[in-house]
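First the structure, in the form of structure tokens, and then the observations on it.
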Amino acid sequence: MSLLSIRNLTKTFGGLTAVSDLSFDVEEKSVVGLIGPNGAGKTTVFNLITGNYQGDRGDILFDGAAIAGLPIHRIVTLGIARTFQTIRLFQNMSVLENVLAGRHCRMKSGLLSSMFKPPAEKREEQEALRFALGELAFVGLKGQATQKAGSLSYGNQRLLEIARALATEPRLLILDEPAGGMNEQETEALVGLIGKLRERGLTILLIEHDMSLVMRACEKLVVLEYGCKIAEGPPLEVKSNPKVIEAYLGAD
Amino acid sequence: MIDAKYKMGGFIALAMLLAVSPLFLNAYWVDVLNSVGLYALLALSLNVILGDAGLYNMGHAAFFAVGAYTAAYLNTQFGVPILWALPISGISAGLFGVVLARPVIHLRGDYLLIVTVGVGEIIRIALINNVFGVTGGPNGIFGIARPELFGFRIRRPQEFFYLIWGFVAVTVFLFARLKNSRFGRALDCLREDPVAAEGSGINTGRYQLLAFMVGAAWAGMAGCLYASKMTIISPESFSFWESVLIFIIVILGGAGNIAGVILGTFLIIGLPELFRGFASARMWFFGLAMMIMMIFRTEGILPHRPRIFKNLDRLLP
Amino acid sequence: MEEFFQQLTNGLAVGCIYALIALGYTMVYGVLKLINFAHGDLFTLGAYLGLTLLTSLGLSGRLGPLLGLLLLAVLVMGFVALTGALLERAAYRPLRQSPRLSAVVSALGASIFLQNTIMLIYGARIHVYPQDILPKVALEIGGVSIPLVRILVFVVSLLLMGALFLFIQRTRLGTAIRAAAIDQAAARLMGINVDQVILIVFLIGPGLGGVAGLLVGLYYGQVNFTMGWVYGLKAFTAAILGGIGNIPGAMVGGLILGVIEALGAAYISVAWKDAIAFLVLIVILIVRPTGILGERVADKV
Amino acid sequence: MKKAFVLGLTLVLAMAGAGLCLAAEPIKIGLMAPVTGSWASEGEDMKNIVNLLAEEVNAQGGLLGQKVAVVLEDDAGDPRTASLAAQRLATQGVKAVIGTYGSSVTEASQSIYDESSILQVANGSTAIRLTEKGLKYFFRTCPRDDEQGRVAAQTIRQMGFKKVAILHDNTSYAKGLADEGNALLKKDGVKIVFFDALTPGERDFTAILTKMKAAKPDAVFFTGYFPELGLILRQKKEMNWPVPFIGGDATNNPDLVKIAGKVAAEGYYFLSPPVPQDLPFEKTKAFLKAYTAKHGAAPGSIWAVLAGDGFLTVVEAIKATQSTDPEKLAAFLHSGQQKISGLTGEISFNAKGDRVGEVYRVYRVDADGNFVLQDK
């Protein structure tokens, strides 16, 4: 069974149709790339999945249950975490605090236990710290834990966003242009990281313009143009699809 | 690390000095400190909303008023001892904060600011117009009993000093813990970037309301202490200017920083007392000093800093 | 019905003044995203300067009421505009890169400072404008009486607002101001001198506020040093009501606020008038979170 | 033994000497006044009057062989500042305090003075309850609101008005007077057709006037303060509405005519203790002359003059009892036998600390803007 199913999803802004009758599936433990020319509606699809936008028609099924209309944080709690196209870190907080923010939805202490700190709260805090440090080590930012997030390099900020998303223990990770602003080495490392994530059993849906990355990392591509799906399939197949070449690669 | 230890030691020394100050200060200066203490409570409570959660609230006096009037009403009408009214004041102000914030919480920055100003004014006007016949109109409520603690009646400024600053100490203790917790981090995230916070799985709407609730509840309890100290409360003590003053304290002291907020209170409430010698030019100096302080410490006197976690290595896998 | 129309004109007269002051708030906010709390006190300054110039120069006696008042208005506008620009230089420019609320507190400090400067110079007593400048005539239109001074206030404020609107919409500088209001960084990249834009905004806004002060002095005849707070808060409310940063919004917001107050006083309760006005504001903001004419901004993700 | 005696004698002498030195210290009398804030003009006059009186007392050799020093504290017309000012005065060793203006402001300071056993003589705080608490050291030279309310109702009735509008400003004082007048007038069968409050500090009252006009009253009883009333009279004139206005003592200020203009102010009635210039006493005339010579203008309001009376009360009490002991001073003032000659006439107090005697007069503003005392 597929982890995420998009069914006939449509979203319009004013007169403009950003996403039109879109359907595709993301299989469990797969890496799927969403590609298409600028303005094709890719990020809009992401925002629809994560609940930042509400679709006009269609369904979004996660693990068989409809999630459209749920508040954003509920969707995160269900197991969908994301990164943002324009990096959205808590710039003035430390790297570690950023990851702890992702841990929030898996913690329980409320207002009173935060104030009075019973042993259970302390234990939970220790657990959270350990988990967060683990994720930082996983993305390779262990050494920068106490730095201000805003002081990290661009590439490392992208990695921190991934660590924050991982701290929510997602089943589906949505990456919006994870290689944006990275140099070649960093991109190379990112491909490795995606591989490691996959080994952990995560499902990944990503938008990326870097074709070499997409070709290597994804096992399925969904191609959008003007909000419509024009192709879907394994990377090599999609690459040779004349429609795609015309609309996307050719036009580039 | 050594630096932090010195800092901690400095704070403790200052706290000790403050604790013994009534022994060598005269009643007037002790009363100034009492005033500073009450405003410190108000500023700390606003700090949760404005400094931690980043919600522009310029109507904090409304919560202060709800707490003060609740306590005054319970005490004068039903003879509830004023310190027993403390939790009730807190609860009623907290509830009021939530009910009020619920419909307007989605407003952005400056729109929220004017709405809270509006709420503050509506409350003040309601108090003046003797709403429901319980507020006493422009006269306010008088004849509030002095507080009693273990059979000891608190009346002199020195005695109030320990009541008020004791409550400040408890507040600082609890709020400092709150900051270094799941709750505090959620508010930090909310202030930094609400969209990213929601995207990281934080229920931002709920935390906005909770911030209002905690801040309002504490302001309400400050109101109860205020009522017990003044023994008379009237609408002019809860004017727009009071809200502005508390707002100034938080920003000038350092939004989100507890020590900064308390320092700010000393400056904003204590400094004008030092300017008394200038008589009518007092407020002129005050305004000038405010501008200069802001220009030289643009993020407040003690700005908010990210938390330093100790002994991280121990936790690494 | 007569009473209703009378109240409508009452409200519009008050609203005109609110609108004039609100323009200063909204222009400064548009470009700097700063609530200039000292604006109300610049308005007070205008009222006091007008009084000083009026009594010391005797302009209306020498040049006749109309020409004299015109010259007076120009002088007041100039002085207050200069003060506004100076204020920007001294109290706001150093804070341009810092958190937004820091500048707000600096503005509050500036407000206290200005208010007390005026008090120290002029004293705490209420000052009164000479009463013989304008003829005390009232027009009666179908039972609704409209004093001549009120018509003057209407005409002057509408003219000023119209002129400002044309300036913003039709001139190069106006376009620059609008561009800087939308995106300062982008405006800078397009070769717009943002510092110059800010300076101009701080000349025009306080200038209009100063004239509003003069009008209040002429219309009501009485000025005191604390009046900036009341008018400032109302005008700021008006600016938010209309959608802050939006120039036609400030005009609409001011007029609407004036009318709400008058009608609220007339048909509900005088004592609750301000509470009613704020309640309407809150309800409008709940329905339209960015004010009547404010553009809806979606969260960009 | 002898040594001990000498030592003892020296000690006693030293103490006496110290006592003498202390005697050269001035007697401190506190003045709590709104020198800043919205009532700053009242505070300014209070300060000037009390200082001038103190100079006169000192010129005549002071009190009990000591000079008198006036210690001024600003209450900013605000209860919180007032309580701090009171604490400050209480710690400076003042024997008595004059002030202040505004009932709620005075009230915030009352308990502090009472607990420190300091005599307080208020000058502009007319709220009834201030003297109903049984405070031993509290007195006032101004009359009470119920007295004014009584005179107001009586005047309105005598003038023959059947339908009256009452407008207050929701301050403690104005609301109290409005309520008092409302109750008394209703009892007399006068119909109250309008009862509401304006917002102090505003400028435009046309909305209120329009509403009031629609209620068609024969007269309007205004209990607020002069800055608003000046504007109201002016705007009423512009509306061509000839209804007579009767006001309370807070409108007794020469600036009223300046704000309203002579034409609009003409025919306005108000109740007040006599204005400074109308005080018929030689002593007062001489004082006002000296005051005008020094400050360029006569004091604006009667309330500041009543602060001067507060000062004279304290001075006379100290003279009469030859003591600064608050017990003795209070007992003297409570005795009802004192008949102190003040600027506003003879001053004596009842057991509650209220000034006795009828103080209120009816004034009318004439065409030249003068306040003309009406025959009773």
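Read from first to last, the chains carry the letters A, B, C and D; within each, the first residue is number 1.
In this text, a residue touches a chain if its C-beta (ideal position, glycine included) is under 8 Å from a C-beta of that chain, and two chains touch if they have at least 3 such contacts.
Everything numeric in this text was worked out from a predicted model, so none of it was measured.
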Distance-to-centre winner among chains (Cα means, whole assembly as reference): B
Which of B-D and C-D has more C-beta contact pairs: C-D
Remotest chain, subunit A as reference, centres from CA atoms: D
Inter-centroid spacing, subunit D versus subunit B (mean Cα positions, whole Å): 36
Intercentroid distance (Cα basis), subunit C paired with subunit A, Å: 48
For subunit A paired with subunit D, centre-to-centre distance based on mean C-alpha positions, whole Å: 73
Sequence positions of subunit D contacting 2 or more other chains: 36, 40, 170, 197
Junction residues of subunit C, two or more chains touched: 119, 124, 271, 274, 299, 301
Residues of subunit B touching at least two other chains: 128-129, 195, 199, 280, 283
Of subunit B, residues touching subunit A in the complex: 174, 177-178, 181-186, 188-189, 192-193, 195-205, 210, 214, 304, 306-309, 312, 315-317
Subunit B residues touching subunit D - in the complex, by the definition given at the top: 26-28, 31-32, 35, 128-129, 137-140, 142, 155-157, 230-232, 234, 236-237, 273, 276, 279-280, 282-283
Partner subunit C, residues of subunit B touching it in the complex: 50, 56, 103-104, 106-111, 113-115, 117-119, 121-122, 125-126, 128-129, 195, 199, 240, 244, 247-248, 251-252, 255, 280-281, 283-284, 286-291, 294-295, 298-300
Residue ranges of subunit C touching subunit B (in the complex, touch as defined): 29, 35, 90-91, 94-95, 97-106, 108-117, 119-120, 124, 233, 236-237, 240, 244, 271-272, 274-275, 278-279, 281-282, 285-286, 289-291, 297, 299, 301
In the complex with subunit D, residue positions of subunit C that touch it: 3, 6-7, 10-11, 13-14, 119, 123-126, 128, 131, 136, 138, 145, 147, 149, 216, 220-222, 224, 226-227, 229-230, 261-262, 265-266, 269-271, 273-274
